[in-house]
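Letters A, B, C and D mark the chains as written, and numbering starts fresh at 1 in each.
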Amino acid sequence: MEGIGYKILGAVLTTILAFVVGMFYGGFSRKITARIQNRVGPPVWQNFLDVLKLLFKKTSVRYGFMHHIAPLWMISMSITTLMFVPVLNDGLFFTNLNFSGDIIFLLYIMVMGSLGMALGAGSTGNPNSAIGVSRGLTQMVGFEIPWVMALVALMIQYKTTSVTGLMEVQSQSGTWLMFSSPFAFIAALLAMPGMFRYSPFDIVGAPSELASGPISEFGGKYLSTMMTSGSIFAFVKLTLYVDIFMGGASNLIVLVLKTFTLYMYPVLWGTVSARFRTEQSVRYFWGWPTFFGFIALIYAAF
Amino acid sequence: MYNDKESQKIVDIIQNYARKHSLFILAYGTGCGAIEIPPTMTSRYDAERFGIRGSATPRQADVLLITGYLATKSLKRVIKVYEQMQDPKYVIGFGSCTINGGMYWDSYNTINVLDKYLPVDVYINGCMPRPEAVIAGFVKLQKLIQQGKADGWDIYKKNIDEYKANQKKIITNWVMPDFNF
Amino acid sequence: MVITDPVYFIALPLLTAFLLPLFGKIYKPLIGIIPGLVFAFLAYISFDLYLNLVPGKPIIIQMAGWAPPWGINLVFSEFSGLIVTLITFLAFLVWVYSYNFKKVGFDNSKKYFTLLMLMVAGSIGVVLTGDIFNMFVFLEITAISSYGLTAFYKGRDSAEAAFKYLLLGSLSSTFILLAILLLYKQVGTLNMADIAVKAQSIDPKMKSIIAILFFVGLGIEAEMFPMNGWVPDAYSQAPGPVAASFAGMLAKSGIYALIRVFYTVLEVDGVFDLLLIMGLLTIIFAEFSAMRQKHLRRMLAYSSIGQMGLIMVAFSFNTKAGIFAGLFLMFNHAIIKTLLFLSSGFLTYSTKQKKIRDLDGFGKIMPFTSLMFGLGAFAIVGLPPFSGFWGKLNMLVATADSNLYFVIALILLVAVVEIVYYFKVIGRLYFRQQHKEVEVHNPTWNAILAMSILAIVIIGVGIYPDLITGYLTKAANELFDKAGYIHSVLPNLSLN
Amino acid sequence: MNSLVLLILIIAGGALLSYFGHKINKILGNITVFAVALIIPIYWFTQVDFTETVSFTVSGFHMELGYNMYGRLFSMIVMILSPLALIYAIGYMKDQKKLATFYFSFLFSILGMTGILMSRDFVSLFIFWEIMTWSSYLLVIFLGKDVQKTGIKYMVFSAIGAYAMLMAIVIIYKNTGSMMLSDYFGSFAGFTLQTKLLTGILLLLGFAVKSAVMPFHVWAPGAYSNTPMAYTSVFSGALSKMGIYGLGFVVVNLFAQANLEIVGYVLAWLGAITAVLATFSAVFQHDAKKLLAYSSIAQLGYIVTGIGIGTELSIMAGLYLAVLHAAFKGVLFMVVGAVERQAGTTDMNVVSGLVRKMPFTFFTALIAIIALAGIPPLGGFVGKWMLYESLINNGNFLMVIMIFLSSTAAFLYCFKFLFGLFLGQQELEFDHVKEASPIMIIPMLLLSVFLLVTGAYPGIVFKYIAEGMTNLGFHNVNWQMSVLTNAWGDSVNVQHVYLSVVVVFVAFLIFITWRGYKHATKISTKDISSSGEMIKPEDNMTYAMDFYKPFERVLSPILKYKINKYYEDFGKGLEALFDFMRRIYTGNGQTYAVYVIVFLAILLIFSKSIFGY
């Protein structure tokens, strides 16, 4: 009984941690973007203010049940995903409910949140939302391929399909997988910006074309829930990358350092590039990233 | 605790602080004033440091920015956009045209006083106002929010019949959806 | 019944055929009734005889008291008896069907029944006779009556078809007669069993020439490629029931003669290989041509040729399994093709040459006929649970027994083509909207009866093939057992 | 009386009763169909003795009927899905004509499937196979659309498959002298390599056509979409599984045991390619029926891959996916049928916004789509997981990528299906649409419940799969109620996943939003942020045309090649050949006479080489 209590407490703590860290990362990225553009920029806690304000806004319209539950769907999927990603190598609180963080399972459950958003966006009937969703799904087909190639390469190479298994491999050998399986890391890294949807891959939201795409009819509490979910999800993705390629983290400070470093990569790329068209984006992912994925697979198999 | 007056006050303070520092603007940019928005938002004047940020759709926006004169035709659109925004919401009249018609004061197809049709919280004077003035206007709005005085949305709701009568006077072919919130 | 004499099979219809006009003078409806009685009687005695046949002991009738090899004899064995039973049964059904078939020009049933009687008599004669010249005579009787039946409608097309048939038929007679002459010159006897005994002594060169002449002459009758040009025209121009009886009787007697000659009378090396090749060619050309036909009856005619080719292939294996399969196929072809032609008789009632395209939506306006046609189509392409399937299965098993895998593949490929054109028709009948107003001719009660009987046989045999397989096995054994045949015809002959 | 024979008689009798019932009166017919739909599964589940056998000899062939556990697994699919589809059909086919034919063929195809699964010899297998084929053919052309093209295509491919099987059967008979399946399996090892490959591959061909493996799939899109949807759910859900059933025992019982795994490997590759290509095709369909048809092909591709790999986990994945596919594709085709009936069209470019009109239908569609996409926590994920893990365990990394590409692209059409029919703008022309009748909804809901339950407890399916796999030679299959384990010992506890998803979701639902939901006003989909544009109710704002145009641009180099076109060209070429051959019958009597003479002359000239003299 005690174990379960701790687990639930740990789960709640992890969720709060993910939320806070994710929000601050969002703030940092805005600040950094502003500094690069020679602006002062908003304070780093700006995102908290935004979420808080949206939460206090009245939400007086809905387009139907699907529209209403879409944000909930997203946030519950983000949290569920978080529950199955090992945040720290060991420790009582931050290992979550994971039964070993199976990679295939994570790949799939990460899609579920997007599906919820897509359904909510669809039910509003806004054509922009639908276009955004169609772009997003198309782009997903693009970046998932190199990303999965990298993961499959690792799984075949180290004969385990769980994140903890890969973490163990790293802690035993003492080297991070980004050094011992460089091609897989390169493929995964090249695929990563697609997941975070910064420029040049921000074709889903595309404020100037699609009026923020799928979320264009979501305001107030809906939007705040979605932003919360997004920040948790960003943290989940970063943690997953760190766990798989950078040896995980033994305490929170190391984790924050590693994830932040990783996070800067799509952000900085985003500040200096213009937006791709959808097919350009997919072609990019099916180009060099997939090539490195192949190399990784061959490297892993032989 | 929830119905306690003191704690309600604390909630209000937090609420107003958050609202003040996070303004999502929706610029209705048909008038010539729209040209002043980009410099306001970009590196030179950087409105984002006040938490001001553009938003793409009315559902997400807090502030409706009417940049300049409004033709009778576009008034209809502005009203629709305003009504689609979620409470609380604020309107900033931008430039002389929204105050008294400005250089179009005797035009047959523009409106002269925006306040008759939509509750304006802050007017920014000038033809056109420079970005400094625009930012000053925003800061003024933030002050009003802090004091809880920016309640145009509430006034609009309370005096809905009067506003609608005024609007219908101008807009002859009224095909708007009902006011639904 | 006391009458156990197979001579009635020939004598009775021949006699009736010539007396029929006289009956007509007495009382007109007798023209329709008398043939029915005769066919019913023949069917009855054939069943009776066949069921009571003692295995290994065929009934042999010596005409005019002369014992073979000098006299003409009739052999009612398991094999010939089976075919005779089939023919009389079908003849009876054809009569039932055509009793009041009221198509334009059909009320003149005097000629029709006379010719039909003659044809049946001839076909039975071909099957029963034990004398090779007699067989020729009966073939001629059959052929001439068929010419008449083909030209029955008196139109330009019918005449043309009859003429083509006549042209090829006379070629056939010429070759067969020539072959018989040469054979007689060599062995000095016309009795089949006797020839079979003496055939070893024939000069091989001469023997091969005789075989070739027989092959070509009987091949024309058995609808073998490339000598089957007459078939599509004759089948499509003749009245519906006549086409049915062509498929059911004429073709059967042709193939019977062919296999009887080559299995029993003349043993020639290589003839079965030739038969295999020609059979395959027949199938391929016929089915492929059927695919491209626009007229229902022509399509059926080509399909009929294809079936005959299949039967030839089955017989060409020269194994017991092959003969069994061939007999099964013959049975199926007789029953199913008859059903198809009978039902198509009503489907193509109102115009002379009904295109398949015009049959859209007939399933709704002529439900029974379409159902029968559909059933026949399902059966002939070999879909279970209809009788066609068992024939095909046995055929393929026999083919595999002879190690001819490529033949299996070929037959099955062609069967796919067959499915395509039959199912095209079914699709049109049932699942298309009718686009043209037509005069509906629903079948009369007697036609319904005839078709129902055939359908019941098809389904019955399909569900329980052992109804007939026993008889087919016996017949196959009899055909394969050459010495037994000789021995039973010429009991006094001592084989060295 | 033997319970198996009685089962067959019940189904056949049910077919005849429904036929005559509908000939007499529609209501009587419907009552009969309903009764038959209840009696068949009840009889099967309660009375049929799975250890019983019945044998008889027909036409010299020894035939034997009797269940094995592997057949029983597939029979369960048939026996659960088909009655539900029959009940659904009562509502769906209400306004159609020729119902007698419909139900007759429907029940006969059930008869065929039931018979196949209890056949222990090739003859009865083939007989029931053909019964299934022609009865389904009658249903494919039932609506009279595209009769010549689709119907003939289906029939030709079925016939090619069936005849390949028949050829294999006769060759087997020649080699073993027995028609029994067990004799064939027993003596397979003793055959020459040539015979092994010939018989095995011909059998595979026969089964592969029904399971729509890649070069033989072209019949499927048309056939699935032209059939009345009530039957398509069985067609795609159960009938195509007959091919899988056969592939299973051929690959595992024959080739794997004769050290010819290469055949299974090739098959697995074909399955993977099928999955990818069919998914790409499905993405660009605008008719919901066609979309589902292609999706079925893709899903069957996964199953074939699983079967082809032939390890314990992969076969389990294949069979599990087969069961699940029956459930979710059954639901989806029923959903499309309901939409077709209520809204009049299934063209996703036209119809939209039905979620407000048909909420129950949408709910079932949503559940089924989530299961189809393989997203946790529903049952579809379990199958996907096992498939991936088995492929990864085997080191078939390229195949994993193919399957993954396919199932990622599958999200595209999954969303398009939901969006096209149910979400999006609610247009005036679909204002009259009402929810489908309960008799159509209830079967869909029942199957959805099954999908929900398998998400947490896939073990209820594993149990039967494990029993079935004993007949494939896998004894002691390792399974647990809700824990999946792969060969490397990594595991997923789906029950935890399910629980955590549900708990988090419900927590947020209750504590945060239920008040908000009540207070919010429901507004029309015309009231969207449209940059101030005034949208009138009659304006059509549906965005559906060329939904995935960017993806189409990406794939344009591949999409040029359409396998269907090659087949059609081949068919045209054949027809031209036939026409050429037909011309040998000139219709001229003199020519025919010349043929005879020439033939005679040829024979005489070559008589020496033919006859020896």
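What we mean here is this: a residue touches a chain if its C-beta (ideal position, glycine included) is under 8 Å from a C-beta of that chain, and two chains touch if they have at least 3 such contacts.
The shown structure was predicted, so the numbers you read here are calculated from the model rather than taken from an experiment.
J.: When contacts are scored as defined above, which chain pair ends up with more C-beta pairs, B-D or C-D?
T.: So, comparing the two chain pairs, more contacts are at C-D.
J.: From the mean C-alpha coordinate of subunit B to that of subunit D, what's the distance rounded to whole Å?
T.: Going by mean C-alpha positions, subunit B sits 58 Å from subunit D.
J.: Rounded to a whole Å, what is the gap between the Cα centroids of subunit C and subunit D?
T.: The mean C-alpha positions of subunit C and subunit D differ by 44 Å.
J.: Measuring centre to centre with CA averages, how many angstrom lie between subunit A and subunit B?
T.: The answer is 35 Å.
J.: From the C-alpha centre of subunit B to that of subunit C, how far is it in Å?
T.: Chain centroid spacing, subunit B to subunit C, equals 97 Å.
J.: Where in subunit D do residues touch two or more other chains at once?
T.: 521, 523, 526-527, 529, 531, in rising order.
J.: Hunt down the residues of subunit C that sit against at least two other chains at once, touch-wise.
T.: none
J.: Quick one: which residues in subunit B touch 2 or more of the other chains?
T.: 57-59, 180-181
J.: Taking all chains into account, which pairs touch?
T.: Contact pairs between chains: A-B, A-D, B-D, C-D.
J.: Can you name the residues of subunit D that touch subunit A in the complex?
T.: 353, 355-356, 359, 366, 370, 373-376, 381, 384-385, 388-389, 392, 395, 397-398, 400-401, 404-405, 408-409, 411-412, 415-416, 418-419, 423-426, 486, 488, 490-493, 496-497, 500-501, 504-505, 507-509, 512-513, 516-517, 519-523, 525-531, 541-544, 547-548, 550-551, 553-554
J.: Can you list the subunit B residues touching subunit D in their complex?
T.: Residues of subunit B touching subunit D: 28, 57-59, 74, 76-78, 80-81, 84, 175-177, 180-181.
J.: Across the complex, what residues on subunit A touch subunit B?
T.: 30, 34, 37-42, 46, 49-50, 52-54, 56-61, 207-208, 210-212, 215-220, 223
J.: What part of subunit D is in contact with subunit B in the complex they form?
T.: Residues 521, 523-524, 526-527, 529, 531-534, 536 of subunit D touch subunit B in their complex.
J.: Using the touch rule from the top, collect the residues of subunit C that touch subunit D in their complex.
T.: Touch list, subunit C to subunit D: 160, 163-164, 167-168, 171, 175, 204-205, 207-209, 211-213, 215-216, 220, 226-227, 229-230, 232-233, 268-271, 273-274, 284-285, 288-289, 291-293, 378, 383-385, 389-390, 393-394, 396-397, 399-401, 403, 405, 408-409, 412-413, 415-417, 419-420, 423-424, 427-428, 430-433, 464-466, 469.
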